[in-house]
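Look at the two complexes coming up: chain A is in both, with chain B in one and chain C in the other.
Now for the complex of A and B:
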């Protein structure tokens, strides 16, 4: 028994690795898709069983058809584009403001200590709580949404960039200084690249917050975009569009996070990371 | 002034001065308040866009005296508490049940990741369809949000338990249902659970404000958006200040003590984020 077991082990493992080579990708796709098929089946069955109206509980088939309609009319694409552009600009603005602040704070520690209570307080104010005030300032639309996303991106980028800078060995800074680098040069050639892994982690976190904030802000203060679509469709009794929009939002975020943000983070951490290992 | 006197003075500042006046962190706060006090008069900003410091102070006083702000705060916080308890309880319970079975775990993980990706806020329109305007959608959206965050983090925490722990308990004769849950799963996943609870509460608080703006007829969020509609800038700014203060208090009085306690009890550092 024991001999047979050990003898068969290598064969089994080569078999499974060949299976992995041939079907690994397909196998994991099936594993990934199967749960969703299951949910769709339950959804359809429960819709039939309870006989609720499409307004209260739109059927999957109807939602699928609605996807077709929304794509055919170009609504889905155009709203997705609008939303993603707002999100991109917002995350960009938040990051662009946070990095110089983080550099300044790391250079002048007393400044950082001085500013932290104020920054902590602003972090505590939910970004969406600012929206009514932003609306008073700018009316509905682009500026309000970008500000709200930029606001919520700023704090994690600041915190993570600073902790990234904190992980740079003093020796690196001293080496540059010994070679005659001034403060600006140290900032540009040592601190900035050294802080990148932290910054990227912060951007990924901030981008996640920003995405939620995008949807919320679009429901409150926009006339276009995915958040507007899911909210307005409800008022027009087109719940199937709301559900289609929700699915789009979920898929969109998973794609952006898994395909772009995660791989950028991994690449940066591996290229510039000093202490941490890529997850 | 006489420079020889200065070190002596700075050697023994009074406790009050050290605690309150000389704290460098108060300088920027004072600067911001000062700028705020001066800016509207310099720039001829309309009052509804940037109400004067004094106006906001008197508005806050008014809201406090009439009790309006406490009523709104009470509505918001009780919703937060109820929804958080529902979401967190279900999240931990389902998480522990699912983590017992590797097959079920593998099956549900993609679904949970997907529902986690649908921002909690995105459920607002559907919640309004189901529950109408009022407390219903607020409770649903927040409980939903908390549930998926806590569930996801519980499962992540359970995934990080080294398999050898299970084997060890089994070898020593522990049975699947009781001993494994009590001795391996719960303490092992605790890092993830607590991280999930903390993240969940933060997201719940953010969602609360948004949902109340959109779907409620009372609470802080509603108060703020309603004021914005009638160009009442002082109330909007007052609510912003209250929201910030409440979260600082929750963080200091609730989250940090719990974190400190658990770090000591289970020797853990941080939790899994989203």
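Now for the complex of A and C:
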């Protein structure tokens, strides 16, 4: 009996772990979907309870149909593409400017101290406040939107890259110096890769800010894109499109965060064993 | 193992990278009246941590700096490396005053200081890369030095995947691959377990016998000093000064054998007696780099 018991034990445990795996996967899907189903149910129930018109309070069924129409006309795909491209370029521009500035600041600490109040000052000025001037200078469209996304991306990338550089052990820099590295080589081989955990955090934060900025800027300064659709649909008495646009934004962000930003982190910081230090 | 070295045994095969044609006559270190002060963290008054210290290391000599905690031996090493500026005095290597860090003076740090974002191979290849070698050349040099330290398979791994002993081997390989005239080692084996330490010490002597570089090796272990050094400089605290010098005449190749264990132990015992008298009379706090 004892022999049988011990013999059957491993089989039982693999069986249960397989169950756990299956349940785990299904469970995680349920956990992901359940809150959304809950919100959807409240939406439907409240629409019935309030009895408002579809113009004032579009119902789920109508919004779903609207998605169908938007997809069929190619509007949704084209606007999504336009918006995502603007966002991507904007985040890229903001990051590309912030990293050299962070390196310069870390090389010339007095400069950094001098510049911090100025940086703080501009951080406080929300990018939407710039848009009137941006439009005046660049007209409606791509440049203005990219600029405002780049603007909001710049600050968190700068701050987090700086703090990432601050966390590099001094001995790493010294090691490079005793191997013959000059300043530029220290920046290239030590500061830049060493600050990457910070930079990645900054880009994630900045990309989030930029994503909101995208919609705001498109409402004001664009003739296309999801922000434009959300804002203009009300004027055209198509509030269901506004809601469809809102949902699209949310879903896009979920996808971007899962697929794109997480994978950047995995490809770099986690492989180097830095992630425990970074968090 | 021998593939990293030419038949002459004294100069490296990659002559384009070897800065020094004959290591035997280069790597002479003179420390002249060096002092170091640091500001006390409590009242910001200067505290003398080191000196004045004067000593000379001949080309190809293996010198151990030995002393109790707070004697400033690590500080002195960092000053020789050019990573610290002395408050007074100069360090001269082959007639040229030290003004900052340079690849002439390679350092093996206590906590390895491998760059975690580079593979072991890229870490070791860094010195040649910085000196202008192509990636292929540098990687080839790196592989040779990894073989020299007995880890030819580890090139593609990242430092965090290695044990402490392996990391320190890689750190030694990295420093050697930059072809320094002087090898500065700051308690390099203090963080590894005793058994690994013994292996690493013997390997280091094996490598040194072939490269014939000048080595300045900081340790607080009398046994380690007795096993490795041509000459041991015992330092005292408050502020750190040279207390006594011991030439160790036992042939290097014999020191790790069981037969000479008692003679090595005798050397260690006399070193220990000297270190005991070098202990501070009252406890005091050393500088940030005090070993």
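The rule we apply is simple: the second predicted complex is superposed on the first by the 248 of 279 C-alpha atoms of A that agree within 3 Å, B and C clash if a C-alpha of one lies under 4 Å from a C-alpha of the other, contacts with A are read in each partner's own complex, and residues count from 1 in each chain.
One rule holds in what follows: a contact is a pair of C-beta atoms (placed from the backbone, for glycine too) under 8 Å apart; a residue touches a chain by one contact, two chains touch by 3 or more.
Please read these numbers as outputs of a predicted model, since none were measured by experiment.
Engineer: Put chain B and chain C onto chain A via the superposition and say whether they clash or fit.
Structural biologist: fit
Engineer: So in the superposed three-chain picture, is A:238 touching just chain B, just chain C, both, or none of them (first/second/both/neither)?
Structural biologist: Neither partner.
Engineer: With both structures placed on chain A, which of the two partners, chain B or chain C, ends up touching more residues of chain A?
Structural biologist: B
Engineer: Answer with first, second, both or neither: which of chain B and chain C does A:175 touch in the superposed model?
Structural biologist: second
Engineer: For A:147, is the partner it touches chain B (first), chain C (second), both, or none of the two (neither)?
Structural biologist: In the superposition, A:147 touches no partner, neither chain B nor chain C.
Engineer: With both complexes superposed on chain A, which partner does A:101 reach: first (chain B), second (chain C), both or neither?
Structural biologist: neither
Engineer: Once the structures are superposed on A, label A:130 by its partner contacts, choosing first (chain B), second (chain C), both or neither.
Structural biologist: A:130: touches chain B, not chain C.
Engineer: First (chain B), second (chain C), both or neither: which does A:190 touch?
Structural biologist: Second partner only.
Engineer: After superposition on the shared chain, which partner residues are touched by A:250: those of chain B (first), chain C (second), both, or neither?
Structural biologist: A:250 contacts chain B only, not chain C.
Engineer: Vertex at chain A, arms to chain B and chain C: angle between C-alpha centres to the nearest 10°?
Structural biologist: After superposition on chain A, the angle is 100 degrees.
Engineer: Let me test your reading of the model: by the given contact rule, A:203 touches which partner, first (chain B), second (chain C), both or neither?
Structural biologist: A:203 sits against neither chain B nor chain C.
Engineer: Once both structures are overlaid on their shared chain, how near does any Cα of chain B get to a Cα of chain C? Whole angstrom is fine.
Structural biologist: The answer for the closest chain B-chain C C-alpha pair is 17 Å.
Engineer: Any idea which chain A residues touch chain B in the complex?
Structural biologist: 31-32, 34-36, 38-39, 55-56, 110, 113-118, 120-122, 124-133, 135-137, 205, 208, 211-212, 215-216, 219-220, 227, 230-231, 233-234, 239, 242-243, 245-247, 249-251, 253-254, 257
Engineer: What residues on chain B touch chain A, complex-wise?
Structural biologist: 23-29, 32, 48-49, 106-108, 110-111, 113-115, 117-126, 128-130, 203, 205-207, 209-210, 213-214, 220-221, 224-225, 227-228, 231, 233, 236-237, 239-240, 243-245, 247-248, 251, 273-274
Engineer: Which residues of chain C touch chain A once you look at their complex with the stated criterion?
Structural biologist: Residues 81-83, 100-103, 105-107, 109, 111, 113-118, 126-127, 130-131, 158-161, 174-175, 178, 180, 184.
Engineer: Flag every residue of chain A that touches chain C in the complex, lowest number first.
Structural biologist: 169, 171-172, 174-181, 185, 189-190, 193-194, 196, 268, 271-274
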